[in-house]
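We call the chains A, B, C, D and E, going by the order they appear; numbering starts again at 1 in every chain.
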Amino acid sequence: MADALLQVRDVHLALPAADGPRPVLAGVDLAVPRGSFTCVVGPSGCGKSTLLGVVAGLRRPDRGQVLLDGCDVTGVPGRAAWMAQDDLLLEWRTVLDNVALGLEVQGVRRRDARERVRDLLVEFGLADHADARPSELSGGLRQRAALARTVAQGRDLLLLDEPFGALDALTRLHLQRWLAATWAQHRWTVVMVTHDVREAVALADQVVRLSGQPARVAARHPVDDPRPRHPTRPGAGARAVEHSVLTGLGALGVADAEPDRARHDP
Amino acid sequence: DGAATDADRPVVRFALDWTPNTNHTGLEVALAQGWFDDAGLDVQVLPYTDVQPDALIDAGAAEAGISFHGDSVLAQAAGADVVAVLAPLQHWASAIAVRADDATITRPRDLDGRVYAGFGGPAEVPLLQAVIRADGGRGDVTAVTLGTSAYAALYAGEADVAIPFVAWEGLAAQRVGTPLRYFRYTDYGFPDAYAVLVDARRSWVADEPEVAAAFVDALRRGYQYAADHPDEAAELLVAAHPDAFADPGMVVESQRLLAAEYMRAADGTVGGIETAQLAGYGDFLLEQGLLAGPDGDVLTTRPDWSTFHVDLGGEP
Amino acid sequence: MTDVPGRALAVGVGGLALLGVWQVVVATGDVAPRLLPSPARVAQQAWTHRDALATHAGATLTVTLVGFAVSVAVAWALAVTLDRLPRLRTGVVPLLVASQTVPVLVVAPLLVLWFGFGLAPKVLVVTLVTFFPVALGLVEGFAAAGPGASALLATMGASRWQEFVHVRLPAAMPRFFTALRIGVTYAVVGAVVAEYAGAVQGLGTYMTMQRAAFRTDLVLAAVGACAALTLALYALTCAVERVVVPWGRARRVRRG
Amino acid sequence: MADALLQVRDVHLALPAADGPRPVLAGVDLAVPRGSFTCVVGPSGCGKSTLLGVVAGLRRPDRGQVLLDGCDVTGVPGRAAWMAQDDLLLEWRTVLDNVALGLEVQGVRRRDARERVRDLLVEFGLADHADARPSELSGGLRQRAALARTVAQGRDLLLLDEPFGALDALTRLHLQRWLAATWAQHRWTVVMVTHDVREAVALADQVVRLSGQPARVAARHPVDDPRPRHPTRPGAGARAVEHSVLTGLGALGVADAEPDRARHDP
Amino acid sequence: MTDVPGRALAVGVGGLALLGVWQVVVATGDVAPRLLPSPARVAQQAWTHRDALATHAGATLTVTLVGFAVSVAVAWALAVTLDRLPRLRTGVVPLLVASQTVPVLVVAPLLVLWFGFGLAPKVLVVTLVTFFPVALGLVEGFAAAGPGASALLATMGASRWQEFVHVRLPAAMPRFFTALRIGVTYAVVGAVVAEYAGAVQGLGTYMTMQRAAFRTDLVLAAVGACAALTLALYALTCAVERVVVPWGRARRVRRG
């Protein structure tokens, strides 16, 4: 782990709630090697997005550190491209201009930035909507625009919070493949939150499972299947990991139990 | 004083032109001495407002109030429901004034190209111009409409000339060490005029002549007393407005000056209005084309000046 | 909430700094006290005349409160009506704007002519001066509710009234309070203007008198009283907002 | 189809776009029997949410009709409980009050409404967050609150737009089961948009697939597997339907193709 | 956009209805024309004196435009500064509020005494009257940008300036224009007040003079000129908003 690009060390964080501060992260440790693909899974509301925010430098943890390339970047944003769970499209920019935003911020002239992201719009099925306002997009189109904006920044480290949650099977497959291929080509480092375990094992080098409230890392599963992989036809290693992650989440246990008596125990 | 508590006493609302000053002394005397009460009147003095007393009277918001020679004539020509009933000051008590320490203005014609601080009245500039021209000047002054801060502008040097009351602003300026130099209208060909008039609603005078007469009589007695006993009258004025005067000594001095030089007619009487004197300044306004009729058109025929005042009797 | 003392401190420091500069300017420069008295003198004279100031301030406060209450009521009635009748809105809003362009200074004396020296003309002036920003804030606030929430209520079978209560009303609250803050600021000024036009008592009347008496120090003392009144009312609206719009400044943390 | 509770007849709709109105629905026909469970699938941006809005009476189509119980309810909202794709939680209400909103609108006193939805909050794993503001919720918690608000209205007809899109595997399973069981118990009629085909076949009596831009009904697949069903272990009928829906969407074809050469063709 | 003629019609009808009522009241009731002249008479006299009115309106327009331009500039400078220095904000905003409580009516004459009869004191009065609502609208508009968008920009490595330009600035636009509309309305009134305090020309001066001459009809004609000026400026801000904030009224349809 000495060569890990990103290290999260013993991160603790409490967030305000109606009845006072509530611990959300309680000693999260994470190591992400350079050029690897990490998926984070865990029960809804456990703290995945919060953890991603800490890694992005948007939230300063109460305790613990975030190291990037060995440097302490705790609470310092601006090192990674971040895609929020809600898309955060800027209502005052068209789809094209939203996608070009990152480049503009990097100092690229507006016209050049637009030119450079046009291909991406085509790739993401957004070409027809380049001049639409976000308020005129469907949920899936919004999510694609947000993802396009994130990758358009051309960063080495991507932090993605459920990037495919609102997509239909075909678009999802297409973008998963596009991401896997582009990642492999550019040697990006990706940390991606998802609630689709099959997606996680299809894409990741390691799947990190968080436990619920407050969140700790409950398990780390390396996925060693060769690439390129078929998301809809997982190999033996991926199937094994999928099974143990689902078991860890408690999803298999429930599925096997008598349907009507099943109860959710967070 | 049983009459004083009688709720049925006729109400006379009286409008003021300015914050308390010695032009109001007679009113305060009559109030303080209880002469209105004795006449069975409930006189309510309205506070000073931005609205001209003539407008208040015309609108029915007051029965009587303080006006000026020019204003009264203008209002009546325009068809306002007012009429002059009393002349507290029998002579021209305001004057064109510059700062005495301004050596560049020693006579009216020096005022060419200067700034006049005024009230927006229609007659002010023509009057000023007439005086300048009578002195051989061109009469091109810039008029700035300032209202209540006209004198402050003069003192501050922002304006060069204003029209104060000699016995009020003039005295005040002198007492704070910035005396004024005056150019009197009568020195430049103008007939004498009534500086201050009391106007009443014409229809009120017609409908309730006894009440109006009683009121005017009591008020005239007040001014008579102020002319006869300036020191006592000044004290009554100060006592009626304990907060209003920074320098009570000036009030006394002002009242003495008014009593000595401005309040009495040539025959020594107080308050009376002569058609001839009313007509003098009235004709000037008419000739200047400053009088407009009820329809807004400039008056061209000379009005019957005798209808512009009524003598409600009483002892002069 | 915890930063209230810090805030008060900041305000205090800012205010004192301003007064300090003023005092120094007056002390060093040769400004005639008739034009600009020192703050120390103003304070001292204000203390001497505190009874008169308090009486007049009380009168002004009454006018302000009654007038502003009427104004807010009028603004609500109007904004709710316009919100429900969008047709009317396009026609009426420009007329409201036009109504604002009539200078109060001109109208106030006319109101005195028509209504005399009682409370009525003053309340009217305050209402005229303040109902517009409040109504405009409300109208735009109602419109600020997104169409989604209204659609949701429609599917719930909500009446127009329920949609209004559950969606447009709460959505308008933040802008309403911004407008209320602007309005209350002008309410005191409006009351003073009204008193200028004709009043027996009040800070406006007091200022007129003192100005005519060349007592700039007392005029400024009255201005100070005005400012104090307004700040108190402004703080009150902030406090009310904190109670009425708790979601506005909810336990907010940076997201991520 | 005479006894269909809900009928959508030849619905056409164009929406404004940067380059003029763009047809989104082009002759959609749908029949939903009383007490049935219908799932709608289709490519992202094809018009699923728009169609649901038409059914809910929120949008008046340019042409065509919506019949409920034989009555024309085109453009008349208020007959069905609708859950939007974005959760539309009201920021000024706590989670509890958001969920109770529908009852309040129906005239139930606020206190009683709150009381009546408490159990639902527990069932949905929201009990800990009853007094939280929506802005303090994770994406999955928001979605659950929106779903709870929809079912709390106690309507016979539910229109759900991707109700489980942001949920982790376990919570999703749990809520799918809860919905299936409650639907069976109350004989609700449900129309649900989803992009998860496995979810669709696990829950639905019929799966309706829309084609893309402009949308038409491309296929109707009855699912006849006996209930209760196991979402994670579909029966033979369900597997067959899943396969043909995925094929129809083009997702299987892509999955079988050479990964790196796959292209999205909308 | 298509409803501009409809809108104009609605305004016209509303305005004419009002004038009609007024004309009827004056014609039937026995109101002295000195107190309340008929609109027909006002219009006719306005036409007769159109040259004088135009000259004075021109002077007022100049003061308004220069003053409001300065005001908007000051408001921007202030709001941007306060937005970047939140510490300062808690201390300064109450002082701004206090600054608004100083009645212009009292200050305007003092300003004239200090700065003379040129443009300066009038521009100052307009600025004093209008910068506050504009600044407040901007400050609250900046704050209205959600924390999410700012967080996004931070992860993009945006400087504070970039965050401002890309997030806070556009987010503030709707409220800025609301504030601008309120501000421009008061700008004309402010100019008139300033002219009341002391001016050679302008509608305020003209009103004073005509009031003194008992020409209520011409006073009202000047009031009408004021209203026309304000409406024109108000319409201008609306037009500018439509260009600057296109997303505000984007091709909006009911959702679902």
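Following the convention adopted for this analysis, a contact is a pair of C-beta atoms (placed from the backbone, for glycine too) under 8 Å apart; a residue touches a chain by one contact, two chains touch by 3 or more.
Here the structure is a predicted model, which means the values were calculated and not measured.
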| item | value |
| --- | --- |
| Shared chain contacts [chain D and chain E, defined touch] | A, C |
| Interchain contact steps from chain A to chain E (minimum; 1 if touching) | 1 |
| Reference chain D; chain at largest CA-centroid distance | B |
| B-E compared against B-C, more contacting pairs | B-E |
| Centre-of-Cα separation between chain D and chain B, whole angstrom | 85 |
| Intercentroid distance (Cα basis), chain C paired with chain A, Å | 49 |
| Whole-Å separation of chain centres (CA-atom averages), chain C against chain E | 17 |
| Chain centre separation (chain B, chain C; CA means) in Å | 39 |
| Touching two or more other chains - residues of chain A | 15-17, 49-50, 53, 56, 58, 82, 84, 86, 136 |
| Chain E: positions in contact with at least two other chains | 35, 109, 113, 148, 151, 196, 211, 251-252, 254-256 |
| Two or more partner chains touched - positions in chain B | 55, 59, 148-149, 152, 156 |
| Parts of chain B lying in touch with chain C, wherever the complex brings them together | 18-19, 46-51, 55-56, 59, 61, 148-149, 152, 155-156, 172, 176, 243-246 |
| Chain A - residues contacting chain E, complex | 53, 56-58, 77-82, 84, 86, 88, 90-92, 101-102, 104-106, 133, 135-136, 153, 159 |
| Residues of chain C touching chain D in the complex | 148-149, 151-158, 162, 166-167, 170-171, 173, 245, 247, 250-252 |
| Complex interface listing, chain A residues touching chain D | 15-19, 41-45, 47-50, 85-86, 94, 123, 125, 128-129, 131-132, 136-141, 144, 162, 165-175, 177, 180-181, 195-197, 213, 228-233, 246, 249-252, 254-255, 259-260, 262-264, 266 |
| Chain B residues touching chain E - in the complex, by the definition given at the top | 52, 54-55, 58-59, 71, 74-75, 78-81, 115, 117, 119-122, 142-149, 152-153, 156, 158, 292, 294, 296 |
